[in-house]
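Worksheet: one structure, shown below.
All chains are identified by letter, namely A, B, C, D, E and F, in their written order; residue positions are counted from 1 within each chain.
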């Protein structure tokens, strides 16, 4: 099966990909390299969802400023996901609460779901990529 | 200052080195490579102490058998430490208790100390190497 | 059944590379197919031929090369991750103006699309990491 | 004051290499001396000259090389850890029968005794890792 | 159903707790690498595992268990020990594998 | 006295808790990298930090804090923000540095 076949098949035949992000940004490269996969993967027209839980919710925190540290601030890229038709961003309610965060603190629109709904999302996926 | 000077100075002028081991064996290479530093370091005749806490206490667990996994079982090396005059092995009481372990489970003789004594040991060190 | 495998960590530092190898071996022995093993993040460090592990230790890179040779397993190194970490084949080396290359036998360097494809084509995708 | 620094993780994967660099730079700027930076475990991967990071990202290996050149900082790669992970200079490469080497400028390969010596000679030893 | 894998110690990281909090009835959890420490009798997490057994299947990778000096006798009742072949079978029997890294 | 450094999130790993459990009166703790998450107001670990302040000095590395989208206002009262120069000063002022890796 070639890449063209997928495009012809369209969304209906796409697999359900779930990207699970559980780490903060900058401390490790996982957040950045996860984002790179999502952007590349968008061209494959699968059914993509992103889950942010644990310290992964910090990836979406507003106001990131890396000037003093020498790394690139990649958080604006999350705002570009929409242009790639990556629109299903889920955030763990329990993880937000534990950190005293609200959706006001986040750089993009997300759907806040509780652990039970997160568990359903995971069970519903066909491919889970963990970073 | 050359290596010879240290040897001439003898133990009195040696620095107090503390090696802190907080990870289990095999899951990461830290335990093995920490042991390699200790063995090499023994030639420098410093005042060496080893602390095992958290999952680090599992490094000393009896009966390690790596046949099914393809890695080398390096736990017998802990028994060789004595020959290198590395004799001060401290183990965290709280970490042992949390894991349901007793000194009977360990491959070498150790001194079990509580958190307060462990904190004193750390404050008393002149160089702390963490793995 | 077709398995895809992602490896996120380099050799020796974490057990991930060992677990991934042992899983792949067991899957092949059980008659399954490994569609692809994709090395991402520090996982790209599994693909250097310059390692010289101690004689009494396992040779992780060599094991991968042998797996590729014996069972025709597709070992793919992520190009973006590899560039950050200094893993390159002769082509990549030349393109980036380097004076040497270090890719081990049986590995090839390609893009992240290969990971997505592994997710699509494999019946199961497993991730091994830290 | 004399500082010794141990780096346990490679470039990009963990912030450890960045933190160690920023600390070393600040120490030098404040008039202190860096006795030695010792790269252990995956930290040895900081010493490969084959990296090509993205244009808009920092070049971690180059930063180290420049630190060595500008301030005469002793950058030591642990030989045992380097052999496991595929970091070698021309001598090591030849000794181990390899056809290439990858050590970056300003680094040298030596034994673990160099770490112990850093502990003895430095007023403070700091460890950066995962 | 999902096969969850956990490769880190429950004493060191939160991944085991999060996995158990998200594993639905009928799914399975396989403990590998330093994750095997969650399978041990007499350790602080014992009740989390023993309470979950029945609703979810809990497995531990034998080679990783043995490497750390533990045998069948050290494992919480109801936890099943598998080898790599069993790991492959578990992955094949479940629809999707989620690694709690 | 010791300078303790913690570089991991208190939500993910046990190193922050262990550090606080071993930091003696008069010693200092510096939060760097993902360790800065322990310095934040309104998060689950706030009381651990606020109760310790006074007995021990608690510092957070500003550049690492800002990178993660936080500023002075987000930090628990009494936690002091330092830059890398301040990190170097702290290391010099204390006798020994212990990294809780």
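By definition in this document, a residue touches a chain if its C-beta (ideal position, glycine included) is under 8 Å from a C-beta of that chain, and two chains touch if they have at least 3 such contacts.
These numbers come from a predicted model, not from an experiment.
Both subunit A and subunit E are touched by C, F. In this assembly, D is the chain whose CA centroid lies farthest from the centroid of subunit E.
Note on chain placement: the centre of subunit B and the centre of subunit C lie 34 Å apart, centres being C-alpha means. Subunit B and subunit D have centres, each the mean of its CA atoms, that are 25 Å apart.
Averaged Cα coordinates give subunit A a centre that lies 41 Å from the centre of subunit B. Multi-chain contact residues of subunit C, defined as those touching 2 or more other chains: 8, 12-13, 15, 22, 41, 57, 80, 84, 125, 127, 129-130. Annotation for subunit A: residues touching 2 or more other chains are 22, 26-29, 54, 69, 71, 127-128, 130-131. Contact with two or more other chains is made by residues 7, 11-12, 14, 33-34, 63-64, 83-84, 96-97, 99, 101 of subunit E.
Going by the touch rule set out above, the chain pairs that meet are A-C, A-D, A-E, A-F, B-C, B-D, B-E, B-F, C-D, C-E, D-F, E-F. Listing the residues of subunit B that touch subunit E in their complex gives 22-28, 54-55, 58, 61-69, 71, 73, 75, 98-100, 105.
On the subunit F side of its complex with subunit E, the touching residues are 11-14.
Partner subunit B is touched in their complex by these residues of subunit D: 6, 8, 40-41, 80-81, 84, 111-113, 115-117, 119-121, 125, 127, 129.
Those residues of subunit A whose C-beta lies close enough to touch subunit E in the complex are 20, 22, 53-54, 115, 118-120, 122-123, 125-128, 130-131. Within the complex, the subunit D residues that touch subunit A are 12-15, 18, 21-22, 56-58.
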